[in-house]
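A, B, C, D and E label the chains in the order they appear, each numbered from 1.
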Amino acid sequence: MKNIKNTKMELSQETMNVGFIKKVEALSGSSVRRCFQCGKCSAGCPMRSFMDHPPNRIVRLIQLGQWERVLAGRSIWYCASCETCSTRCPNKVDLAAIMDALRKLSWDADGPSKESYVQLANKLFINNIKQYGRQYEMRLAAVFNVKSGQFLKDLMLGPKLLSKGKLKMFHSKNKNLAEIEKIFSRIEEMRKKGDAP
Amino acid sequence: MKSTGKPEPTVTIDTSGYAVATEEIRSEAKRLLLEKIVDAVVGYQSGRRKGSAVPVIITDPAQAEQLVFSPACVNNLSIYLTKAKKEIRAKGKLAVVAKGCDLRALAGLMGESQFKREEVVIIGVTCAGVHSAGVQPNEPLTSATIAKKCRECSVHIPEGADLIVGKLPLLPDLTPTEKELLEKLDAMTPGERWEYWKEQFTRCIRCLACRQVCPFCYCEQCLCDRGRPQAVDTSPRPSGNMGWHIVRAMHLAGRCSGCAECERVCPMDIPLNLLNRKMAQELKELYQYEAGLTPQEKGPLTSYDEKDDQSFIK
Amino acid sequence: MKHDFEPKIVAFVCTWCTYAGADLAGTSRMLYPSNVRVVKFPCTGRIDPVFILKAFQKGADGILVSGCHPGDCHYMAGNFHARRRFAVFRKLLEFIGVDLNRLEFSWVSAAEGGKWVEIVTELTEKIRSMGPLTQFTDLNDEEQWSGALSNPELKAVYDQV
Amino acid sequence: MSRIGVFICHCGENISRTVDVEQVAQAARQMVGVTYACDYKYMCSDPGQTLLKKAVAEHRLEGIVVAACSPRMHEKTFRNAAQAAGLNPFLCEMANIREHCSWVHDDRVEATAKATDIVHMLVERVRKNKKLIPITVPVTKRALIIGGGIAGIQAALDIADCGHQVVLVEREPSIGGHMAMLSETFPTLDCSQCIMTPRMVDVVNHPKITLHTYSEIESVDGYIGNFSITIKKKARSVDMAKCTGCGVCMEKCPQKKIPNEFDKNLGFRPAIYVPFPQAVPNTPVIDREHCTKFINGKCGVCQKVCGPGAVDYEQQDELIVEQVGAIVVATGFKLYDITEKPKGSAIKGYGEFGHGKIPDVIDGLTFERLASASGPTGGKIIRPSDGKEPKQVVFVQCVGSRAREKGISYCSKVCCMYTAKHTMLYKHKVHDGQAYVFFMDARTPGKSYDEFWRRAIEEEEAVYIRGMVSRVYQKGDKVVVMGSDIAVGVQVEIEADLVVLATAIQPRDGADTLAQKLGISYDKYNFYSEAHAKLRPVECATAGIYLAGACQGPKDIPDTVSQASAAAAKVMTLFSKDQLEREPIVARVNEKFCVGCLACKKVCAYGAVEEKEIRDRQGNLIRVVAYVNPGVCSGCGTCQATCPSKSVELDGYTDEQVMAMLETL
Amino acid sequence: MKNVLNYSYYPGCSLHASGKEYDESARGLFKALKIGLQEVPDWFCCGATPAHNVDELLSLALCAKNLELADAVEGDLAVACAACFSRLKTTQHKLGENESKRKQVEQAIDAKVSLEKPVKHLLEILARDFGLERLHKAVSKPLNGLKIAPYYGCLLTRPPDVPQLDCTEAPTIMEQVLEATGAETVPWSHRLECCGANFTLSRPGVVLKLTGDILASAKRAGADCLVVACPLCHGNLDIRQKEIEEATGEEYHMPVFYITQLLALACGVSPNKLGFGSMIVNPMPLLKEKNLI
């Protein structure tokens, strides 16, 4: 992906993707146009220093329909969903929800994001639910390390936690796991039919 | 006086242009009177003593031949144009002979509504200098006989006159004695300066010749003559003298054109022009103002700028 | 009296700002030395340098001139004119040989009771430490020139003039 | 004056706690001129005042010093009491021994000594006090309004409705000003002409209003209550009395291709014309500069077709004189012109916006005419170059404004709002168009203003881009706008069909000349200066002259109308009395001694000093002296301090009074 | 004696693993206070942050499913984990106000969405339903002398109209509950800052920075220990404390308690049953110093 962060924006009705704006607004249930760029979201964001675009700029880029710039950045993957921005926004722009929407859009597009660790973790987490019904941290961590190629990550933490009884080596599936599987499949079905975003 | 203490070698100043000036003044005065452009001409004529010159007002074209210009033409004739000299103004439209320094006074007086430019024809004279006070009128003009003000003159050519007569010779470099004295005084402590001025003013006999000769002291009634209330003690005693000279200097600040007539006429040789020069220097420094260089609507003390220095105000 | 020397201080003030500021110091019960005598004017623009001269001659040891801050003049520009007038006058006094520490200028607004107290207190203390001003009052007693110059250098200057 | 009474107040204990009031009274009795002195617990109380009045009568007092609180507190009280006792109130003075003494000192001996000194100073002062009589000035109850825009119209109608005569002078052939040019107004989007034209008709129909259009102020004499105004009525070439406004002349005029200034040159008008159809008065003028008859004498069609015979080629400019008591200046504004650098101005100009040479770069007022239903396009938004409907319109705010080096340092105040309005009007008319706005801040302080601006963005989908435009240039039939979005931090480029510049608001040309005629002050931009930014915002420092509208500073319509009504209220206050009464603390010239140097005139901020000619019995001019108009003088005394001979004196603060006080030191 | 109050109980995944001491102490405390807790059978993972991060519909469906399961058990739904609490409340909130989303969810879970059952965090039950006064009376071993920094984190209070547990920006519910036991709470700056939450897996560096700031703030305020009500916060502050110390060079040794651990201790539950041994930062020295064990 070309780094488009600093390139010139050529604005026109063609280059401003209004559909993208509408999609974000529908998914998040929050207005984007209401934002007047006061910067309060960025001021309080605990993750600001890890982001390339500060949260307010994310909204600004959506306002201008610049979907590529938004999704190309790593900011959306560094949002911790702490809700500080949404809580304090003077215009009730629900930026946390907008971030969810953006991640969903990126996920669907098999995102141009560079932040694959976060995406990987999320995928594994959801897979766990699908496979077992509940979360098993040991498995999550182990698979994550294998998949992300960080075999030695948190190497010292595991045995300690195990000894404290905090990680279970073995786990069982929910008895009613089938119901979860159905939920997954129904959602998939709905999406295929276009009934759900 | 020279700061080094070494006496200045005497230099003679070329005054050949003065004769040219005299001729040109005569013919111009004659023309102005003949053509009835003016009703009277204020100029100089020879005095009784050889080489001396005194002011004269002529109304007849025939009198034009009396007019002269020489190093003895020390008087500042602008004084005849102030409203205080009603009898002269009453003669009608005037022409006046003016050296550069006199022209500065004329410009100041115009700014103070004493006359309008169109009411007066100014015959400007290029001037290499005039005699110092006390010099015999027929003596040649030299570095020894020249007036102090002329040593530091910056207006040899009276720019802005209706006609400029005479011819400026090559001028020798002369020591700016007043400037050097000012520097010396400025370097003293306030106490020392007070002693200096106290001794000077104490000599004052309050003859008020300085006031009489000053083109800007044209008030109908001087503040310092007033009895109710008495601003300044009118008797010639040290206290009143000090008051008079302070008030005089303050009233001339921003107006005085530096003709130094006050100092010339002082029978007690009080260096009055030092005060005037000092004030002019301060006004130039504070407000970039120099009196009389061009006629100005407002003087430095009748105008202001919002950004004026106020570092002295708490 | 608490001190050996209590200076006489005259304050020429405008009625709209400094006089009101001094009133505020009063209503706020701030304390300051009692040496100052206030002469009220409508505006600093009305204050004539002659008054300062007169006050010195009448025995004032220190003088304060105070009015509205620039831009706050009740009469729009009176203080601007005063500012120039006194900028020049103090230069003249300095040249004549008056110690300018004895002549103070300030802007004190109607809201600056504290500043008034500060300025009056500081000026009083300063003048107190300087001692009485006798230059002008001594002249009152002098009748004529003694003919002698105390300082040889002064004499040299004098002779040359 | 030698019979002075001194009354020392205890103020409860406020004074007597620190000041030995009896001792002060005792000392006062020894003072020269003091006939009577006493102390009392509350001088300001009824018994206190009674005591004062009785003492005046009993001791035949000729002057009073009340030593009590600050004169700012009770001077009026005691002067009233003195008056009631038969004394001239100005012979009563207060010695402030509370705020300036008892409250600020704690040493009783020192405080008592100081209080005695203060009383002594005031006794000496009162000895020199003179009786002063309040000044009265007759008032002509007739107002002049300069400028027939919404400000002038509002002020005129308010004053006239109050029953006073009004003279309204307008420079253009019709009243209406800028508001008549506008399409719709923020924040309600009501049609400007719909609300303006009825007001214009009200003016022309009002029995109390005399309307002079196509007229200018020639000269102004006099002072508050008594102005004499010379008005130049420019030759209209049409007799207003005969003209019926039928319009045949305009139809028949063969010269029809004159750019119409009212339509910002987007349309054309004939040489005989009214600026716009709803003009008031509806009488045409002949533009002599473009009229063939006046150029080479070879036409005269209008005169031939005019039924009533109203066309008069011989008409001359006419000078008329009106007497008025008050003036409202409402000369309005002009828009900053980017076409060229104004001569002698520090403005560096906007070459980067094409200096007005790109046809599709227009100013806000031109856009108003395009959007106006009665405008040259009938309200259709088109671009001037080819008449096509623009699909991308870029608005640029702060052109000239807030640019201290390139333009003008102030904010023009209305551009944010009208640009928001423009984006909405555009969206309403061009549904598939997109408006972009480059801006630095949105300044929307006003009722329903911010909401309006947000609506433009949130509902009308205008794209606001925070950041300024660096340059615009023509590229084919597009205008490329190079800007920046500082929130994103990248450059923005838009290929626009039309660019609208929100150019700064400036005072009208000639505002300075008019100010000089009126004797009012103006700032470095030529906006007229109010007497006090907060407390006297509609008054000029020159008494009797008031300000309304954008001539005082950029203003929107609601503010303009408010200020116009406020100015009208000030005029009506002045007209509420037959005589204007003023405190007699004013300067007076001693004509005997005045030599007419006019330094006093130079320093007077109020223009109260005039030149006065003194003539002998034959009428010969003897000399010119200064004269202080007591109706105008505000009593600051700067003139007296400036006068070298003290030939001008401020009553109530004479040198004699001040010197007397200093003598007590 | 009959229980005064009865609740259905949704512990959430963590309480069965890394946060097991939270579960143990909560059960112990409720038992001591005679409040009934009946675990919802066969509950599923709520989806936590990862689910809503990338698939809101899935997230909502999972929670709706859990709410449906909870309906089978009597009593308001008690939730211990702040994340589960937040997800369940968010689901109720969103589905309550957004008709189309509700329909999608109903289609996904093939059942009607039930939004009636109140979802309550344990804190809410203790402070409101049970009451501070009763809690105070139930204290047998006051926590006098213990200076606590109560840490709310993100999800207990945010966003404003969802959890409605307490004031969003200045909550006091933890302080109130803790002070009922005689403990002292310190005012401190980072009560509501984010700990980095689920980045603990993918980007632990982020977590170290954020939790480092939190620990520093608590230390500055003079706290002896932190108290949390969320297993994720606990994990980041307790489990990673050693790493934080290594990364920042600051020594903290600050035990991080679940709020139920301390409340149970105060209410006389045996320390052995409160999982103090499972904590990575050993709390024993502190508890001994304060004479609490």
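We adopt the following convention: contacts are C-beta pairs under 8 Å (C-beta built on N, C-alpha and C of every residue); 3 or more make two chains touch, one makes a residue touch a chain.
This one's a predicted model, so the numbers in the text were calculated from it and none came from an experiment.
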{"item": "Shortest path length from chain C to chain D (each step joins two touching chains)", "value": "1"}
Touch-connected components when chain A is not counted: B, C, D | E
{"item": "Number of steps on the shortest touching-chain route linking chain A and chain B", "value": "2"}
{"item": "Chain closest to the assembly centre - both centres taken as Cα means", "value": "D"}
{"item": "Furthest chain, CA centroid comparison against chain D", "value": "E"}
{"item": "Of all other chains, the one whose Cα centre sits farthest from chain B", "value": "E"}
{"item": "B-D against B-C, pair bridged by the larger set of C-beta contacts", "value": "B-C"}
{"item": "Averaged-CA centre spacing for the pair chain E and chain A, given as whole angstrom", "value": "23"}
{"item": "Inter-centroid spacing, chain E versus chain D (mean Cα positions, whole Å)", "value": "67"}
{"item": "Centre-to-centre distance between chain D and chain A (centres being mean Cα positions), rounded to whole Å", "value": "61"}
{"item": "Whole-Å gap between the CA centroids of chain B and chain E", "value": "97"}
{"item": "Numbers and ranges of chain A residues touching at least 2 other chains", "value": "none"}
{"item": "Multi-partner residues of chain C (at least 2 other chains)", "value": "50, 54, 77, 81, 85"}
{"item": "Overlap residues in chain D, where contacts from two or more other chains coincide", "value": "603, 642, 655, 658-659"}
{"item": "Set of all touching chain pairs, with the criterion as stated earlier", "value": "A-D, A-E, B-C, B-D, C-D"}
{"item": "Residue ranges of chain B in contact with chain D within the complex", "value": "82-84, 86, 112-114, 218-223, 226, 228-231, 251, 297-299, 301-303"}
{"item": "Of chain D, residues touching chain C in the complex", "value": "70-72, 96, 98-101, 103-107, 109-111, 113-114, 117-118, 121, 531, 541, 585, 603, 605-606, 634-638, 640-642, 650, 652-653, 655, 658-659, 661-663, 665"}
{"item": "Residues on chain A engaged by chain E in the complex (per definition of touch)", "value": "27, 29, 46-47, 49-50, 78, 80-84, 86-88, 94, 96, 99-101, 103-104, 107, 117-122, 125-126, 128-129, 133-138, 140-141, 144, 148, 153-154, 157, 160-161, 164-168, 174-176, 179-180, 182-184, 186-187, 190, 195-197"}
{"item": "Residues of chain D defined as touching chain B within the complex", "value": "592-599, 602-603, 611, 623-624, 642, 644-647, 655-656, 658-660"}
{"item": "Residue ranges of chain B in contact with chain C within the complex", "value": "1, 181, 184-186, 190-200, 202-203, 223, 231-232, 237-239, 242-243, 246-247, 249-250, 253-254, 269, 271, 275, 278-279, 282-283, 286-287, 300-306, 308-310, 312-314"}
